[in-house]
């Protein structure tokens, strides 16, 4: 972490960048927040640890409008989002100085709390990122790092950064689950079971829009669900359909553009596994139109703005999907 | 709805102006009957059909939605139906995935010369929807009174 | 809120027999926005149209719905009627209660209910209609023809004869194209040069035609009626105005070892050269890669011998910018490289040649002065084997999946010519199928077999093996006799698949004209608009669209010319008003819409946007109304709904959906 | 009033008895998350989770509710107002902070002009509160004078060992007690007092226990509004509505129309000051930047609300925003940031 701070200070000092976009220590050990740093002094509050899960790519949309370059720290998975935004002309490569940072999996405090751990006073992460020592008002606990990781890290896309100016730090292989296993499990259900599953999950939705607003692919200036273009503006969660409409369309709008960064599931206050929508589309796209990784580069045409003459027919897609 | 009342499904058919709408016209001028439950909306091309329209139809009480366009390769705009095909493949697969009965949505390519196919397709689709019954999973309860 | 009039047509008894027309009128009268409703026997009749006009005037209607037959039948009629009555024609919607209702339903109650719903949908839509006005764009009365082969020449001549200026851009030093390389043409066996050269001369002499040879299209912008094109005139190193075409420079040029492109590499040419004797213009170019002066700085002989002082080593590429109303692509074809067909020993033996090379061999101006001889040793061949479909109708990636269409006929021609001139030569043809549709084509082929004794074997050749004695061993199979064949040959001729000239890819990109997986340019409609590209104002002539022979090419060239003339004859173009329209405040500038636009109608502009007080530079989509055809692909691709389609807007379609589902 | 008790194992009988005569809302786990839902025999009641994701304010102030329906009959319009709540119900297991939240809502909705929909629900609702057994690190209710050991409701409950102690605190509470008395036995006041002391001891140890509200009051508009602290603070904000929708006191709503195909339903639904179209009016928007919207939320809770309500803050220290903000922002960080700024001055 200190080397990141030092490098950021260097780049600020020599004028390469006008500011730094990173994470600032929170008031608890697990809640660092995204922050801009404009000076060396401010950087003393910079942190980079297992709880710095936020994908900073989306913040680069606004940062691209500022004078001068912004130094941004991107984890391997974040760089896919950055590339995708680049492809869509939403960020300016010239305005970004990207340090690709290593990642050994990011942590989910909800996973720790789900273990029944309450009243957390501090969480210490050992240097090897193997064990968390959790001090609580009800006693101390230890938790395996792996068990507290975000879902996305268990199916990590890989340790490679897709775009960067320089790389710092090592990444760790964290994959210990099959990426499409959950989707396949649902696919195997009967229609009634599928419906019951999604009904239960989506009935929790409070239409807070956190999934949308954190999503680097959902970067519309004004979402259709906020505009009158389709008579679809709705804040209500009046009944289950609203949520289905919202979540299906949201997933559809990012289909072929979603990098599976997992931010939607991370931020959902109701713990809805929103990635199951996106990942279904990714699985179908891979299957029907060939392997495609959104954000792998900033040029390739997306699968839904492309076609071949002998694409699968929709009814066959349903049968085989 | 009383048990013995006949189920009259609401079915929305989006037809592209150049092929399928003309196919429907031909079905009409050939007097090839299909149930009155089917109501056609004319769009320039199947690629004009936004998934939002389909979900909207279900929200407001439709029991089935069918999209008809020119056969692949024959699109008036050369490529429109290719995009429509991908979009609908994705959407339909997603609807099936969240537990919507397979068969409430359909895409069919109908040329201007295929009046018979248009009529057969609509007859088939209506009986499929008849067998699936009322759309309860995608509708908005506020619209059901 | 609109003031809507609804007009329900009886269509005699066509509608009224099954739909209770009066009831429809009574029900729709209460729909929101409806201020007038009536029915009439025949709405499309003059009296019916007068009724509509009267209601528009008296009730001050802002929109009308006609419940009648299909809009494909009478939408135009009612739009015109509305326009005459002072209403914008796009404030008219049709509810199709005949084809989609009365004609297919028997039960009156059911049909009436459906007619009401269809009328409601149309009313809901027209409530959201906005007056639309067709735009106008001017037409530059000049055409560009890309490619100076027979297709390009014929198109240019036809357009020029109609009185319009035409420019031909040809990338080689002379016009003439592939046809100029041919010896004779089937099925009449005319001498190719004899029929082509007069056309070339005519084109060159035509006061309306400007020919840019040794030139390439560099950049295309604009749209139908108003294209701006940059043409790169490559440095010829010879002053076109001064050169007299005497040819002394070519004679004296000491660098004579460059394979001649015109002779398909079978002979050499000098560094300063015209491709062939009848070249137009008859002005040589210096091949700077081969020229000793350009390579070493020494030499300069051509300059010394040129009495006209036309040699200009300092000449630079020149860019000519010109405006055009129409562009015709006539980029032609080439044969594929045979590197992947080792079994035919093309790269190993000089005596295995392609059919196009044979044309040069048989031509009096060719490398052998027209004598049929083996290129390896100059000996007279006794046995010649022709192999058909080399790379054509091929299922793997070595060749092409399509039929080249011309090979069956030119092989019959070659076989016949050889047998005619050299009766001692045995000619064998291996074929998959012999395809001879065309006027006098099958008769021609049968003459080759019956009168000239050409040996046709249905079957494929597996291998051509060069033997130590210089002969070629052909291993094939006779499918009809079901037996293996081993045959000695002195020459093997390969009917090699043709492909669009590779330059077409770049040109298609510049024109935003689509090409298929085989690089052939796509037609706007395969049957009904075969010479028009989906990109408005771009027309297709010759093999760039698909394999064809000379008469077909000439016919298509004429058709393309007619389409171009039809466009150039207009002073202004009316544009379809139902085009895509971006909302700049909502546009993300992501380019998704441009990616799916088949017409290249969407571009991006970075401009200052005032978004409710927030002023910033944004990249936003712009739609060129002259190019947009209104398919709507962009509208669905746009996630924010910034792109909408006029006449079929999101809210209009949703209103129809709502009306039907309620 | 008397202390009663019931064995934890018999709770389901108690709930069934309550539900026999009225609607019953309980915290229950659905798809892994605990929220208040309408009880039935299959409900997975969850009294162990300290905080439901959403506060139970939606029992009284639903996220969406219809106000009236307009139908067209020929060319006439018929307006049918939505009927007011006329059925008694019990909310079982509310925590002290959420009850304080209801008191905040009372200030808004029961003041003139009275919100009849809300008022009807308040009149028909009986609140059975549960003292917080194991307060969590994000809790800071004590800062706002809330005592998690002594919830101020119609009935208060304490879980002591295997027993649940029950004490009615109001007339409504008494009435409810009377209905279920058969299932209750006499409780032990002393044991409950011991439990309360235990809870108090934990509360003192909580990391936010000493959060200082100095400087936040109804007269602080001037000094707080233009502070440069906001410029930096809001930056991570995603403009989602999580904080406002999980909050027990956020009371802003929007009114919209829905076309059912048979008529128009005019309904209201929660709004969020974090949303870009919050308080959008014909002329545009009062708050054009996220900074302004972000500031609005905290100024409202800590300055504007106390200014209009005798110093009462409209934050109750439940800590849900601390737990749920996707950008790790929250009211505590705001208060601390200003504290630091003032200290620096």
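Should a chain be cited, it is by its letter among A, B, C and D, assigned in written order, with residues numbered from 1 in that chain.
Here is the rule we use: contacts are C-beta pairs under 8 Å (C-beta built on N, C-alpha and C of every residue); 3 or more make two chains touch, one makes a residue touch a chain.
Worth saying up front: this structure is predicted, and the values here are computed from it rather than measured.
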item	value
Chain pair with the higher count of C-beta pairs in contact (C-D, B-D)	C-D
Whole-Å gap separating subunit B and subunit D, where each centre is the average of the chain's CA atoms	46
CA centroid of subunit C to CA centroid of subunit D, Å	68
Subunit A and subunit B: spacing of chain centres that average the CA atoms, whole Å	36
Centre-to-centre distance between subunit D and subunit A (centres being mean Cα positions), rounded to whole Å	30
Subunit D: positions in contact with at least two other chains	258, 260-262
For subunit A, residues contacting two or more additional chains	222, 224, 230, 238, 304-306, 309
Residue numbers of subunit C (touch at least two other chains)	596, 637, 650, 654, 658, 661-662
Topology of the chain contact graph, where touching chains are joined (line, ring, star, complete, other)	complete
Residue ranges of subunit B in contact with subunit D within the complex	60-61, 140, 142-143, 145
Of subunit B, residues touching subunit C in the complex	10, 12, 17, 21-22, 24-25, 27-29, 31-34, 36, 39-45, 47-53, 56-57, 60-62, 73-74, 76-80, 83, 87, 119, 143
Residues of subunit A touching subunit D in the complex	26-28, 31-36, 54, 118-121, 136-138, 200-201, 203-204, 206-210, 212-214, 222, 226, 233-238, 266-267, 269-272
Subunit A-facing residues of subunit C, complex	517, 583, 585-592, 595-596, 604, 611, 616, 619, 637, 639-642, 644, 650-651, 654
List of subunit C residues in touch with subunit D within their complex	30, 32, 612-614, 658, 661-662
